[in-house]
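Shared between the two complexes below is chain A, which pairs with chain B and chain C, respectively.
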Partner chain A sequence: MAVVFLYPTIATVWYSFNRMNLVMPWMKGFVGLCNYVDVFTDPRFWNSLRITLYFVGLCVIGSLMLGSGMALFINQSFKGRIIIRIAILVPWALAMCVVSLMWKWMYNDQFGVINAILMQLGLIKDPIGWLQTGTLAIHTAIFIDIWRNTPFVSLLLLAGLQVLPTDLYEAAKVDGANAWRRFISITLPLWKPVILVTILFRTIGAFNWSFDLIYPFTRGGPGNATEVMPLYVYTLYFRNLTYGVASTVAIVMAVIVGIFAVFYVKSIGIKGYV
Partner chain B sequence: MRKRKSLIKLGIGISSVMIVLFFLGPYYWQIISSFKPDNELFRMPPTYFPKQFTSQWYRLIFIKRHFLRNIFNSAVIAGFTTLICLICGSLTAYAVSRLRFRFKYLILGLILAFNLLPGVSIVGPLFLLLRKIGLIDTHSGLVIPYISFSLPLTVWLLTSYFNQLPSELEDAARMDGCTPFQAYLRIILPCALPGFFAVLIIVFISAWNELFFALIYTNSQAARTVTVATILLQGSYEIPWGPISAASIAMSLPIVLIVILAQKGIVEGLTRGAVK
Partner chain C sequence: MVRPKTRCKFWIVYVLGMVSLLVSFILCPIFPVSGLAVEKTKLVLDLFEEHKEPMEHTVNKFEQEHPDIDVVLWACPPTMDEHWSKLATLLSAGESTPDIVNIDVIWPPAMASAGWLEPLDEKFLPEEREKYVVAMIKAMTYGGHIWAVPWYMDGGILIWRTDLLEQAGYDPSQPPETWMDMVEQGQRIIEMTNGEVWGFVESMGRDEQIVCNFVEFIYGNNGEIIDEEDNVVVNSPAGVEAAQFMYDLIHKYKVIPPAATGYMLEEARYVFQGGKALFHRNWAYAYGLAQVKGSPLRGKVKAGPLPKFPGGMHATCTGGWNHAINRNSKHKQEAWALIKYISSYEASKERVLMGGRTPARKALFVDKDVVAEYPHYPSYLESYESGVVRPVHPMYLAMGEVMKTELHRVVTGEKTAETALNSMADGLRKILKTFKVK
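This part shows the complex of A and B:
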């Protein structure tokens, strides 16, 4: 018992050591809330926040809609499951930066295959500069994120679908409910907890890891149109070297994510989990 | 009735094809791009299957850019991270799963919370700390943050996995005279191998694919991981798409192949850990 107890204690100490939130909103001297005031009055901060929220919002909604459709689809048994499963796992196995560069090449305005296909189909006449305007750039990035994360979302949702009790469906069929009615009254309500958990999980993930997508993709440009918060913090820390302000923004971000995290932990219901 | 059934089958078939094309298509594109020579790469309209195969891009990154060194770095870092996570994490998970102690739920909640913390919150001060210790630009400099990211997840996944193994097994072993540790080694470990396997892959892949910390905590080309090396192929003025495609494939294909071979175990491990 003692041996098994000692190791986890060490492990806990280990990662509490690493989670040192040595975030000092003060730099070389206590300036109190001065940094916070600076940050909250900086339009670049608000721009970054707005972009991040927009990005995360659309990503989550997009991958949820697509993912739930896929989950429902895959839930029906049919042949060819393996190839579908492979197709789904590949985006997850690829590094986000690899995905980012891969799509960047496909979206290349002069030689990219996307423009090529659109022109060959006659849908557009001149190549579109996908990364040249702010609006197009951010939406392209959102699409890439959706592409990469929908498979994972659909797997989570699928797992939720597969534990639904089948006898409820049979009882409903006996009572004469058609497929749509069965979906609305049985599937949706029982699916809700899983959907909620997935949403929160994906939201937090999108917040935290958007750097890997955006940095190789546009570095935050054009202008600041795709400067999501992790990228902004990175710039503050390692380009401008203003550790104080950077830490402030980092804390703000942590708080935002923390709020989502609280909802997430609550909705999982730890006690029921373990 | 038969007509309806065959219509449905057709619908399923088309949807399946679309899904496969949508998710595998871009990767296929990247693969063939890495084998196309200059003139074919930069041609409009592009060729959907290479007319000429060239290995020039691969030769470029491996010979001129020492990509193999980057692969080595990534492998070492991801390997150590996985190893340590598995060892410490499994023992932690075992304790959490089998023992009852006062702060159990608090610790679990904390573990979960740590997992959700943004990397940016710790990257700055951790950088200063590592620099002081002299661990920037080293393997350990990255292993340490990676462990702190993956350990919570490992513990989480393995705990819920252990919870599903009945404790009668260890009771029986204990009656036969095993110490708890021996019971762990001989009985639980072999049973838990599928779970271990899934966790191993997940941790390894997330360490291998990580960009943010790897970018910040390495300076020299010799210390860089594959992710950093790949994106840094982009220049300020022009982007060498040939080498980039080759590098992307070189760093991702091994992982993709592993995932394809192990797909069943991974799906089980993932869905079991995240959703009950």
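This part shows the complex of A and C:
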């Protein structure tokens, strides 16, 4: 564990305090916080951060809303429940790169199925260039991410629902509580720890695996409109070979995700568990 | 409550299991599954999957002449980005294989500066260098040394539909002379087919490709990116005009599908291959694919030099791949022998006739047998001789990033051509300043 986890982490932290550009191997040296200053004064970094937070925010909220609805729905008993449960899992079973490319072709303006359907239905006259503007591109990407990851969210939430004690509901019914009251006072509070754990996983996932979605989809374009942080770090490391700056951004990323994690874990608390 | 003895046994088994897993991971590389032939010198050459057949033919003949050398062919990853990442990782770690690396025309300065390649000054002599196009040799040269031998050369060409051009009322055998001629002809076909067929298509996605296209426009307008004295001049009036033209193609002249700003190379080619465009700018391979048996465009397409701007030149962006020797290779002499053999006239000719890509040697483009098989090759050579190179600088990849971002902003209308090119010039100057020679 120590070897696989500690060594790369310490190495990255060390690189972030060094000037390190593979193309100029003779210019190595400890530069203290210089890289951090460079990164925090770089508009491209702030652009990337802003886009990533927006992307992660909407993805988490979207898949949470949808996922909790789905979980509540398939928690009921009805005919064909098993089939629905299996069908819901299909998007999550596909690799993100495959999903990304598949949707990219569907969104293609000339040959894509989405424009074809919209035009057939008469909703649009000319094909829409989905990946042409920054706004359209990022929201399309968010949609794809929600499509692909909601099954995971609904599965976790469903697991949380299934361990809720039924006798509480019966007692509440006897007391005359209606469905909405039962949901607010019984389901939600007991569900809270599972919801928070799900949000934690989903946030980390959206943050880190946005690369798998964005790279095949738009490569960070148009311009830099969909350049999420993992993609930015990848560019700095592998295209520009500026290991010093790249390590700095990587550390900043890790700190941000760490802050989220601490916040969520603190929110769960010990009181949340019955 | 689990009994203490059972718990103890569990932990023993668990720890033993973990240790043996760890040990097997560590020892794995020492005992590879396939045996190595210790007597023979093993040379590793990395190349594209689709070139395997012609190259295997050359390599087999080489092995016959050198029975003590065994050549292993590695397949490169399919995209240039992944290929670069893979090589950057291997070479920066000081790996001794691959002995011969297959590198893009824009990589030699970066790789040479990083100390990953072996200089080939004594081996790739000036008399030999003259047999290749000047632009290619320029791209292989950095810091006063030459670092690679061209393997195959590529350049941007214009491909068009002869049947559609004739339908539009123009001479189907002649490409448009200037870009505005092309726009005119493109607009005509759009009119005639009621928008079914586009006038022109090229990849304008946020990728290296858009930089290649821009290079052709700016040099075709007598502009430059970085001049001889290392001044950044990309935002000169000629440059701004060139970038503005790229924007106008989409938004003013409307000859190219607006979604081309999201097309990578293959997507643009599919539009042409699917019969939905009259003109197409691509690398030579696209023409080959259009003419292959079974292609619906077979016999209906022709290739020629790209148009120019009035007073400018028919510029084509030099591309292509080259062989270099890994500085940490343990078999540099043998690696050179193989490179020399691969790049020899006879071996290259055989591969070209087997359906390999365009050669690198100038003489092969006008060789009798080659021309009999590919009559358009002499016109390619004409284009390639006026080839221009992207900036030959170790930090070109970082520069390429700046350029492709700003160019993409121009074509999507996010910034005006002038603002974008000014930002680009600032970005390039900043990068040039960061680079300090040893």
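Keep this in mind: the second predicted complex is superposed on the first by the 235 of 274 C-alpha atoms of A that agree within 3 Å, B and C clash if a C-alpha of one lies under 4 Å from a C-alpha of the other, contacts with A are read in each partner's own complex, and residues count from 1 in each chain.
In this text, contacts are C-beta pairs under 8 Å (C-beta built on N, C-alpha and C of every residue); 3 or more make two chains touch, one makes a residue touch a chain.
Predicted model only: the values in this text are computed from it and were never measured.
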Task: Please work out whether A:221 is in contact with chain B alone, chain C alone, both, or neither, and reply first, second, both or neither.
output: second
- prompt: Looking at the overlay, does A:110 come into contact with chain B only (first), chain C only (second), both, or neither?
  reply: both
First, second, both or neither for A:129, with chain B first and chain C second: second
Message: Just to be sure I read the superposition right, which of the two partners does A:204 touch: chain B = first, chain C = second, or both, or neither?
response: first
Field: chain C versus chain B, contacts on chain A by residue
entry: B
Message: Once chain A of both complexes is superposed, is A:238 in touch with chain B (first), chain C (second), both, or neither?
response: both
Task: Name the residues of chain A shared by its contacts with chain B and its contacts with chain C.
output: 21-24, 108, 110-111, 238
Task: Would you tell me which residues of chain C are touching chain A in their complex?
output: 81, 84-85, 88, 92, 110, 113-115, 205-207, 257-259, 261-262, 264, 267, 270-271, 274, 276, 394-395, 397-398, 400-401, 405, 408-409, 412, 414, 434-436, 438
- prompt: chain B touches which residues of chain A in the complex?
  reply: 1, 3-5, 7-8, 10-12, 14-15, 18-24, 70, 73, 76, 78, 80, 82-98, 100-106, 108, 110-111, 113, 116, 119-120, 147, 151-152, 155-156, 158-160, 163, 194, 197-198, 201, 204, 207-209, 211-212, 215-216, 229-230, 233-234, 237-238, 243, 246-247, 250-251, 253-254, 257-258, 260-261, 264-265, 268, 270-274
Field: Residues of chain A defined as touching chain C within the complex
entry: 21-27, 108-111, 127, 129-134, 137, 218-224, 235, 238-242
Message: Under the definition above, what is the set of chain B residues touching chain A in their complex?
response: 12, 15-16, 19-20, 22-24, 26-27, 29-30, 33, 41-46, 88-89, 91-92, 94-99, 104-105, 107-109, 112-114, 116-129, 144-145, 147-148, 151-152, 155, 159-160, 163, 180-181, 184, 205, 208-212, 215-216, 227, 230-231, 234, 239, 241, 244-245, 248, 251-252, 255-256, 258-260, 263-264, 266-267, 270-272, 274-276
